[in-house]
Amino acid sequence: MTKNKVLQNKEEIYKINEINVGKDFLFIAGPCSIEGYPMALESAKAIIMNGANILRGGSFKPRTSPYSFQGLQQEALDILKRVKEETGVPIVTEILDPRHINNSLDFVDIIQIGSRSMHNFPLLKEVGMIDKPVILKRGFQATIEEWVYSTEYIYKEGNHKIILCERGIRTFETYTRNTLDLSAVPIMKRLTGLPVIVDPAHATGKKNLILPMCKAAIACGADGLMVEVHPNPSQALSDPGQQINFTEFASLMKELKPIIEFFR
Amino acid sequence: MTKNKVLQNKEEIYKINEINVGKDFLFIAGPCSIEGYPMALESAKAIIMNGANILRGGSFKPRTSPYSFQGLQQEALDILKRVKEETGVPIVTEILDPRHINNSLDFVDIIQIGSRSMHNFPLLKEVGMIDKPVILKRGFQATIEEWVYSTEYIYKEGNHKIILCERGIRTFETYTRNTLDLSAVPIMKRLTGLPVIVDPAHATGKKNLILPMCKAAIACGADGLMVEVHPNPSQALSDPGQQINFTEFASLMKELKPIIEFFR
Amino acid sequence: MTKNKVLQNKEEIYKINEINVGKDFLFIAGPCSIEGYPMALESAKAIIMNGANILRGGSFKPRTSPYSFQGLQQEALDILKRVKEETGVPIVTEILDPRHINNSLDFVDIIQIGSRSMHNFPLLKEVGMIDKPVILKRGFQATIEEWVYSTEYIYKEGNHKIILCERGIRTFETYTRNTLDLSAVPIMKRLTGLPVIVDPAHATGKKNLILPMCKAAIACGADGLMVEVHPNPSQALSDPGQQINFTEFASLMKELKPIIEFFR
Amino acid sequence: MTKNKVLQNKEEIYKINEINVGKDFLFIAGPCSIEGYPMALESAKAIIMNGANILRGGSFKPRTSPYSFQGLQQEALDILKRVKEETGVPIVTEILDPRHINNSLDFVDIIQIGSRSMHNFPLLKEVGMIDKPVILKRGFQATIEEWVYSTEYIYKEGNHKIILCERGIRTFETYTRNTLDLSAVPIMKRLTGLPVIVDPAHATGKKNLILPMCKAAIACGADGLMVEVHPNPSQALSDPGQQINFTEFASLMKELKPIIEFFR
């Protein structure tokens, strides 16, 4: 296994608003894509009310097909900024291109590097040079060793505020979208000392697996969860099959709260 | 997905000694291979004392290399029989060959079909024709659909006492031995109505992942666990790297008991 | 990589009828399953006329689902025996169970161990103890190392007449049924010294890939090919999508003959 | 499978210097990384002399580890420009970042998008907007469908001069670096109508598999090959294990020439 030359294997606690990253449980929720101001605001309110502490919302969407919805891009960023001003909720959004890093991201609290970008080394170097937390999702094709190295690409440039996110790996199984590799949670925590969160919906692609996989993630030590919530999933412009609605989210949170308390 | 023509999707509770299968938590522990009478008896006592309720012990070993230890075979069965007579613990052992099914197995409480035999259809048919619980491990190369079909091979012949066991699938990842697919637990429970247990040590091949993966398995609904315990793992004739010793097992059980209680 | 303790890494030439195995190109063709005497005889004549030198025909079929056609079994063996008596063509058929090895197989020239049986160690040992050529197909999830070890299971018991067959491995790709790993041809030839043949139709699951993959197999050194041919593929009781009809086979052979000559 | 909305499924022939792309066989060779002017010039001369028609040489290297050699970057481009001026050989080099597309690439004849960038959609769009041939390597974890979509990302922006390159996919097999999927050659030719070349050394990671896999690629219809050649492979700053030296390259070309002639 890789000899990590940079990572210090010790957690450092820092703040995002009131949240102590490295100590508090991170519950990130929100729509796959920002599709307009009303749905973004409504989503923010719904997730906050049910106990999530960070809003996610896609601005630039990495889509397999060039004919799929590519995100509202700058317009989405403007919407997220308004939502943050109104609700105070910290914001995470994904970027795909080193050129996305500019003033328009100033209000964003956490930058996400998605699964398809884990091997985009110029992008990793670029987010390594800014002073803002970064969620680094595991490439769906990436080994543990490669994920550690991609973490080091960021860390080496000076940015140590990295949150890792397991989101499933590509295997021969077709019943689920990908195979959620929960062993990555304890492994990456040990190897890097960084917080590790889990995204069960992208991994499994099935709504009815979100609850059991959230429970399992908490039980094996995950520091947070990321769940896609949409006012009306069947009408969503991306990932309609794996987003849950506000009622489903309320019910999920009700089930998970005692489990989070039990384990932390 | 497969339209299951036979499985009724309803759990039927039956007894193995005092254990209500389908209701009680199954904690199966014991050495990878039976290497002699003293170590078998010692293992049985150690696992019972710490709260496990079924003894596992390999008699016929499916080894990748013909030069590896192939199990004590009939001698191992004789040892297991003596251990059962002395301790009363229910016994599970693996068979590889339809010709293994004969009188010498009469005392065995559960027959195990291992991962490499999940596609051995003559063997599945044969265990389908006897009246004894069967643990059907997932082939490390098997899809959910194929696992369901192999379950039906047994069920169709009349034997409905099937316990499924997730033990990891083969993926590109090399940091762990295989990738434990915990999503298979809720999926197989829904698709078949049968109890599903988890074997975290064969899946990950790493001792320090057994505890977190046991926790995760319990949290997502597993009906039991299987763990390899050996008096002196470093001297074991098979799987030295993933068996734990009695002290480690005691400590594991102490950590897991409150979690099992919390979730069931 | 495995240190092969038994294999001598030298090809030994032996005869099956007029064929010098280890020197002559083996062209094995015939229906996936023997469905009756007329279709078996007709197939034998068609493949011989077009230059194939061995007839394949499934008697015992390893099917994922217990509800699929399981082969005509003993009846199929009787049919193959008659076809051999009438045409003189050498016969290969697959067995699944150590109990299949008995007098009724005497007339069979080559026994096939299929992909799902490559890890059936009792079966490997059993065919290691008879004096008859064995085709050992690669497990669709078997590494090169495991395939070598399974070869040694047979070899170690005394049977050195082993022919290896690459038939594709299970990967994440779903466009083809499996992924044909042609690098296995030169690798296994070097590691074992045994003849290696290729089955492109099971690997790809697509008729229109048979020709280009046969060409590639010949070019990288394959010692033979196995192709499924059926009088009326769309009506076949198994694998209807990947068998070709007599006309297609004639056309395939016409294309391949000059290529086989060029490379050998 | 994807309904390709843009690709016309017809080959269009165009020129790179004297080469008719879509008709002539493309033999691309050269060092993994440009390490200096003398080795670049020497390599160019060696590959031309032996019949290759395009020089490859890495300027920006996508390395898993941030501690590995990252390429000479702009300096490498300057060297390649000089080598082209002196020898006239067409040049292909890889870019990783949309910001690499600028005047300093003007002299480059073909831009390569590497395996780790196949899902870098901003980069694909950018090379879609320039008038220069692009080699699009298959992502090592990309399905056929995803590869077609990435092709369409480029095509849709107006650049139709795309050359596809199969370079192996990531599977469970560890004996080879990746698994070369030669079935992708006829599949992608049919689905896109574009030329498809093969890179056997990156796929297998083993020098002694280059020759048989080149032969197989030619036999199944590849329109070209890419091979890494270095004056002194054991001293190479990247990929020392899979580059061949000038003598080995001369011998490879001697073996391949009659095969290329036979098949085209």
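The first chain written gets the first letter, and so on, giving A, B, C and D; residue counts start at 1 in each chain.
Going forward, contacts are C-beta pairs under 8 Å (C-beta built on N, C-alpha and C of every residue); 3 or more make two chains touch, one makes a residue touch a chain.
A quick note: this is a predicted structure, and the numbers were derived from the prediction, not measured.
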Out of B-D and B-C, which chain pair has the most contact pairs? B-C
Could you tell me which chain lies farthest from chain C when each chain's centre is the average position of its Cα atoms? A
Rounded Å distance between chain B and chain C, as computed from the means of their C-alpha atoms: 34
Could you grab the centroid distance between chain B and chain D? Build each centroid from C-alpha atoms only and quote it in angstrom. 49
Residues of chain C that touch at least two other chains are 141, 145, 170-172, 174
Once bound in the complex, which stretches of chain D touch chain B? 141, 170-172, 174
Seen from chain A, its contact residues with chain D in the complex are 2, 5, 62-67, 96-99, 116-117, 119-122, 139-141, 145-146, 149, 152-153, 156, 170
Across the complex, what residues on chain B touch chain A? 1, 141, 143-145, 169, 171-176, 179-183, 185-187, 190, 203-204, 208-209, 212-213, 215-221, 259, 262
